[in-house]
Amino acid sequence: MNMLRPPLIFAASLAAAVIFAGCNRPASAPGAGGDAIKIGEFASLTGSEATFGQSSHKGTQLAIDELNARGGLLGKKIQLLTEDNQSQAGQSATVVRKLISSDGVVAILGEVASSRSLEAAPICQENKIPMISPSSTNPKVTATGDYIFRVCFIDPFQGTVMANFARQTLKLQNIAVLTDVKSDYSLGLAKFFKAGFVAGGGRLAVEQNYSGGDKDFNAQLTSIKAANPDGIFVPGYYTEVGLIVLQAKQLGLNVPIFGGDGWESSSLVPIGGAALEGDYFSTHFSPEDASPAVQNFVRQYRQKFNEAPDAMAALGYDSAMMLADAINKTGSTDAAKVRAALAAEKGFPGVTGNITMDADRNASKPAVILTITNGAFKYVETVSP
Amino acid sequence: MNELLQQLINGLALGSILALIALGYTMVYGILRFINFAHGDIFMLGAFAGFYLAPRIATVLPLPSVAGALAVLVISMAVCATLGVLIERLAYRPLRKRPKLTVLITAIGVSLFLEYTGQFVFGAAPKKFPEILPGFAVMHLGHLSFNSNQIVVISVTLLLLLALRFIVLKTRIGMAMRAVSFNPEAAALMGVNPDVIISFTFALGSALAAAAGILWAINYPSIDPLMGILPGLKAFVAAVLGGIGNLPGAALGGIIIGVTETLVSGYLSSTYRDAIAFAILILILLVKPSGLLGKKEVEKV
Amino acid sequence: MNFRYAKTVLLGTIALGFLASLFASRINPYWLFIFYDIGISIVMAVSLNLINGYTGQFSLGHAGFMAVGAYTSAVITNQFGELNVFAANAIFAVALLAGGLAAALAGLLVGIPTLRLRGDYLAIVTLGFGEIIRVILQNLDRVGAARGLSVVHGWTNLFWTFGLGAVTVYVVASLVNSTYGRGFIAVHDDEVAAGAMGINPTKYKVTAFVVGAFFAGIAGGLYAHAKQFLTPGGFGFMQSITFVVMVILGGMGNTVGVILAAILLTLLPEGLRMLAGIDHLPGLAAERPLGWIGDTRMIIYSLLLIGLMLTRPQGLFAFRQQRK
């Protein structure tokens, strides 16, 4: 029994310390007290999806810095509290509870992946804290409750846009679909694309899958080549798309390849190179857009981070800007009022288009289709919902 | 038929890289009897060493060129060999007399450290690996297309395997390695310094991992700090499949895993690829419990 | 663990857990859910300790069993709408049990190959089983595939987590300390000698896998109803490694040590998060002087892991001679 004493004492003191820390609830009214407005953000800053989380976070940070440089909100500075969920399941719930219960934030911004947004959304809903997801496209995210919003479009819209584009503009008949089975985003987009394409009179030549993180797609592409399609839809992320396109061209698959907003990144073209020429993807904005909002964003972002912003950065930026707009309109940080103002957003001039909240709190806004010419993204057309 | 041949070529290219990584696992296991979890991350560091070295080498030698590519390969191998020795010295050697599972935890710690530090220092976004080999060519043979990179990967792997075989079987240090692997105490009594041999083994294994990293990056020119996790895991599986501790077994295991994966994704289901690959592995191990070429260990009572 | 007091400790912990759950609404939810994480980690680590620590089998697929339990229990409770407290807890108990049994069945499947395999070969097979479970879940559309599964009810509370934590510790401890259970340690120490003494190593190994998997399944059920969202990716190979680290850091086959390691490793990342969030330090003018910890939190975590293992290789909390 003697031997047990040191660990038991240690455990008891640990437990006591934790309970003591645990009872330390924030005394002031959430966020409004003190000299700053606290906004919480959760993102995958490390781990397997860090590249998406970091982009989104940079966009958000840029928006907050810009707002603070203009004098903040309601005469107060904004404090952005960012917590990392290491791209791991289960962590988002923990950090969002921390942001709400321990830090007392007025609103939550995040995440890129729908699975992690879905972990956080019920918590925000239960605590009646508005949450804006920058780029989770699964329809279920905002269906959680009336405090959950998003600034991106959802899978059914984007899938249909690309299906119509493939069918009507590219005049494709017989296409292959290459889906990332590890990614809910890829699965959702593929599902609605296939439905739209078949409804439009097209045919699916073959369906192949990969897992996010793969580097070798020769096996899948060889099978696709054997099915002889006239186009390939790849609803994946740029982390894999560059290599997929490269390997397709090496195997002699000279058909147009196209995808969704997961393609947009400054690291796509360096990896895919010339193989990407003439391919298409749908996204939220065109860097060529002459509107002052877009031009200002692209310039500021380049200045601060020394790279071109991608779709996730633009959406992160818009999520923060739209929240600030709602708080400004409300004139307070009262959660219910901010929620109402967010739900009433109409034609908010974001970088990613004019955002109007629909009845399901999804952003209704046009999609842009871009093509890759001479290693640069070029505007093709705009599709309104 | 053409498609099948094409898939076999694809699988062989993938498998030979896995074989190079698997050799590192198996060599360390043969001598120290523990799984070096950080080995996949050395592979990643090899690719990043090449990424940062290439622009510097380009000031001396023309790039892309064969000579330049060789320089990148050799210097990256040297960098990783040094790192491998350093890691063994700092994180594994102090625990040599401890149960092997203890060392496993420090190896996991080292692996996490390299990955998170990689994300912090290099950034998490994938980077384009520069072209270090001249004129990428696709050769068509009937309906088959070989690309020159696949041929380079397969032939460099073959050369490195022969070199390794020479070192282990024909040199004095190779003989010492085999002696330590067979019985460390007896080898020490015969005047072999186990510390030197273990350092040399780590250097050799890490150099091979670096070579695999460069070959991988030539073939799949998108590199990121977590790129070592999946190939590392698969190479580990390959090493066990071939019979861990057995060098030809590791090479064979790598090729089998590469070809199986390619055929499964090409013909059966890429959705269930990993599951089917593991199911095949489990079946093989049930029939041959010490791997394909492994020797059944004598039970000591 | 001194066995004489085991029953008292068991009942005491359950009673404390029950009392604490009555005051749960007064605890900061962030910390409350970290307590749940700790309880779940304890169940996972202690049950893995039966396989890895006491019986000496090297399993790398414990998160796979957890996944089976999590999904099974979630599918069951998702059939029900809003219920009163008693019905909810009754159904939760049934769902947890079902999750545990489903995982035990998976454990039996994995246990059978142990007839022939040992050491690293066994490790690879368990790793393979864990990955196969993950891939199957990733393709099962009925449970959401990669899109994930929302769990309707957040029924996990302090009573269930710490009550079941205590039950796990009690069962594992009494199993190992019974006359029957000495066989586990015998198998760990020397399988051949154990066989010669009339102990059937296969039976013990399979039992260890089944019992260990059962509790991992229960932990999965607790996890599902705490996080309320499941994705196959959350039960991968790295997750299994986390529990292996707890077992080894705690000192294999040392239940108290493993419990403390589970607590420590769950709190460590959150503790670093807290340090990074400190607004001011006395004597320093800078705002958020430890903010750099936020960026390098996981690097520090990995270095601490290496450091702990190098300084206390016998297990962090081993205060007695390890069984050899």
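Every chain is named by a letter (A, B and C) in the order it is written, and numbering of its residues begins at 1.
Everything that follows uses one rule, which is that a contact is a pair of C-beta atoms (placed from the backbone, for glycine too) under 8 Å apart; a residue touches a chain by one contact, two chains touch by 3 or more.
Quick caveat: nothing in here was measured; it's all calculated off a predicted structure.
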Message: Taking each chain's centre as the mean of its C-alpha atoms, which one ends up farthest from the centre of subunit A?
response: B
- line: When A-B and A-C are ranked by contacting C-beta pairs, first comes A-C
Field: Distance from the mean Cα position of subunit C to that of subunit A, given in whole angstrom
entry: 32
Centre-of-Cα separation between subunit B and subunit A, whole angstrom: 35
- line: Multi-chain contacts in subunit C, i.e. residues touching at least two other chains, fall at 138-139, 295, 298
Task: Quick one: which residues in subunit B touch 2 or more of the other chains?
output: 116, 271, 274
Field: Contacts with 2+ other chains: residues of subunit A
entry: 46, 181
Task: Report the residues of subunit C in contact with subunit B in the complex, numbered from low to high.
output: 52, 58, 113, 116-118, 120-121, 123-125, 127-129, 131-132, 135-136, 138-139, 190, 192-193, 196, 237, 241, 244-245, 248-249, 252, 295-296, 298-299, 301-303, 305-306, 309-310, 313-314
Statement: Listed in rising order, subunit A residues that touch subunit B in their complex are 46-48, 50-51, 53-55, 181, 208-211, 213-216, 218-220, 222-223, 225-226, 238-239, 242-243, 246, 250-252, 265, 267, 270-271
Message: So in the complex, the part of subunit C that touches subunit A is made up of which residues?
response: 1-2, 5, 26-35, 37, 138-139, 145-148, 150, 154, 223, 226-231, 233-235, 256-257, 259-260, 263-264, 267, 270, 273-274, 277, 294-295, 297-298, 317, 319-320
Query: Residues of subunit B touching subunit A in their complex?
result: 3, 6-7, 10-11, 13-14, 116, 119, 123-128, 138, 140, 145, 147, 216, 220-222, 224, 226-227, 229-230, 261-267, 269-271, 273-274
Parts of subunit A lying in touch with subunit C, wherever the complex brings them together: 1, 3-4, 6-8, 10-11, 14, 18-19, 21-25, 45-46, 81-84, 86, 88-90, 93-95, 97-98, 100-103, 114-115, 118-119, 122, 138, 140, 181-184, 187-188
